[in-house]
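First chain written, first letter: the chains are A, B and C, and each begins at residue 1.
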């Protein structure tokens, strides 16, 4: 037991490990911020495509469904391997010539866009059809209705599940270590091989938790605010 | 007197010109700069701290060798680039000029990358756990619970040459897990490149039973380059020169094998 | 611009089905410019569906509809242009909850008619002034009473300067004491000559304001006539039954 505590929680080890793991954690933060921004935009695009009316857009909708099905079903680690090891090998010009960090961002974005698309879709569908009916009746086009009436309401509603998915994304940046990006988990591994202590992993875990706790609390607060507002309306 | 001075200055000019010409002529990816690939952990081969895509405070056998090679090639700028071991043998173009990652030269690997001439004899070392009676022959190894790291020649040796009674335990990712298994007593002996086990045993003396010996496999470490790299002849020439003048032997003794483990037969 | 017969809206043989259910069966109806037509009948008789066919929220299965000389049921009508000419107000108000009253009213003039922000705002203020809700301009709908919300909904529809207004049971969801303020507004509209088709349960109001009353029963216009004819001397048995029930409930 003492050995376990020493291996994972040695205070001196902590002090040594923190700067090294922090060095790597900054890469996790960069991965996460860039991926989150890309996901927000791409997922909105896919969600809108999924809802397009008419027969002419059917192929687009099928593609969007195929995309979400595929990337929700494929483990992120596989996607990362394909991009980190496979794509460079196919000699496809500029696509094959990016940094491992870029491939990490691409992998995270591909997978999480699929999840967040579904979140947006649920939000859009939760807006009562009478809203769309009222807007179209005023002479607003499909696109104007989406932009001014449906999406503002939809997005407001799905902020909690969006934040939840982003907490997942933040933790999954650690997976990008497998393609050789020097992030927190990699540094923890290097530390452990140099000093024979697993304290580096503990430090990495602490960093991740510190990062996600504010998100979790913020999400809880939003949910509570929404509940209060809805209860007030019933009264 | 004037003639001597003239001759001397012409000679000096010629030397510096050829030195400069030599560095310009060396076909590195970026002219005048050498990009060397590495990966961690690789204690005693690469010491220091990885940061971003490079390494801070580097030292160690392969680091020192890369510096010596740069000097031989007449290149003053050397950049170190982390090149994960898992991606070394993919057909992807390499971002480094050559990589030192304790890679054993094999025919299969040579199909997808170019190797330099060998710079180190890569025998397999036998690291035993504490409390195990030291095996003194290859036959003695057959009855032990062995372990190895995946994708290594050590594992290949166990599976194809040694063929022990019990199936070996295989660890992926890095060597740390394999070393932990020996320390925990989960396996009796780890078969891995001798300098790697030797340096690990030196780092953590109380954790293992020591390096019982080395198994001659007639294998060598080579620098990894892009398949068909034009740098190969230059690199080979530099390595051979460093072997000939004793630099490599000196570096091995300084960083890797001191003392040298006995050969098991 | 009317059609050759002078009617503003013509429904001819309009039939609408939802799966197995036939909601409208061979509806023939005309509405002239400045005319107020009231549709009465039980729930499920097809009043709402009929209104929604006129602004193409529903697509008819059979028959034609002509609005202002244009046949809107032949598949290539400019739906958005049509809807800019027709205002519709719903039972459930359907105000946009994430926008203030002012934004609700100015959204369509700005985006669908290209008004500038200033033009739209002054138009909205004028309308709000006429309905006495100027002080609520920057409030969100959930801070208004039902009657106020419905009046804002009417103003929102009027902001597009429609030539035809469709009112779909706009007082049915209101508390009784809020009904009259909405009906006053509709009365005013009728007095200014707005062409309207009104589906309603408010029989006294229909009697007062309608030029023509149509009784819908089972997807068919069973009887049609002036308010006097329908309310005082209905010829059909079913009409009489319906009116008797209404009178019993004290609503006429």
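Note that a residue touches a chain if its C-beta (ideal position, glycine included) is under 8 Å from a C-beta of that chain, and two chains touch if they have at least 3 such contacts.
A quick note: this is a predicted structure, and the numbers were derived from the prediction, not measured.
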Maximum centroid distance from subunit B, chain identifier (CA atoms): C
Most centrally placed chain, judged by C-alpha centres: A
Averaged-CA centre spacing for the pair subunit C and subunit A, given as whole angstrom: 47
Separation of mean Cα positions, subunit C and subunit B [Å, integer]: 85
Inter-chain centre distance, subunit A versus subunit B - centres from mean C-alpha coordinates, in Å: 39
Subunit C contact footprint on subunit A (complex, rising order): 130-131, 133-141, 144, 148-149, 152-153, 156, 233
Sites on subunit A touched by subunit B in the complex: 20, 23, 27, 84-86, 88-89, 91, 96-97, 99-100, 178-180, 182, 186-187, 189-190, 192-194, 196
Residue numbers on subunit C that touch subunit A, as the complex places them: 55, 57, 79-81, 83-84, 86-88, 90, 92, 94-98, 107-108, 111-113, 142, 156-157, 160
Residues on subunit B engaged by subunit A in the complex (per definition of touch): 39-41, 43, 49-53, 82-84, 86-87, 90-93, 173-176, 203-204, 207
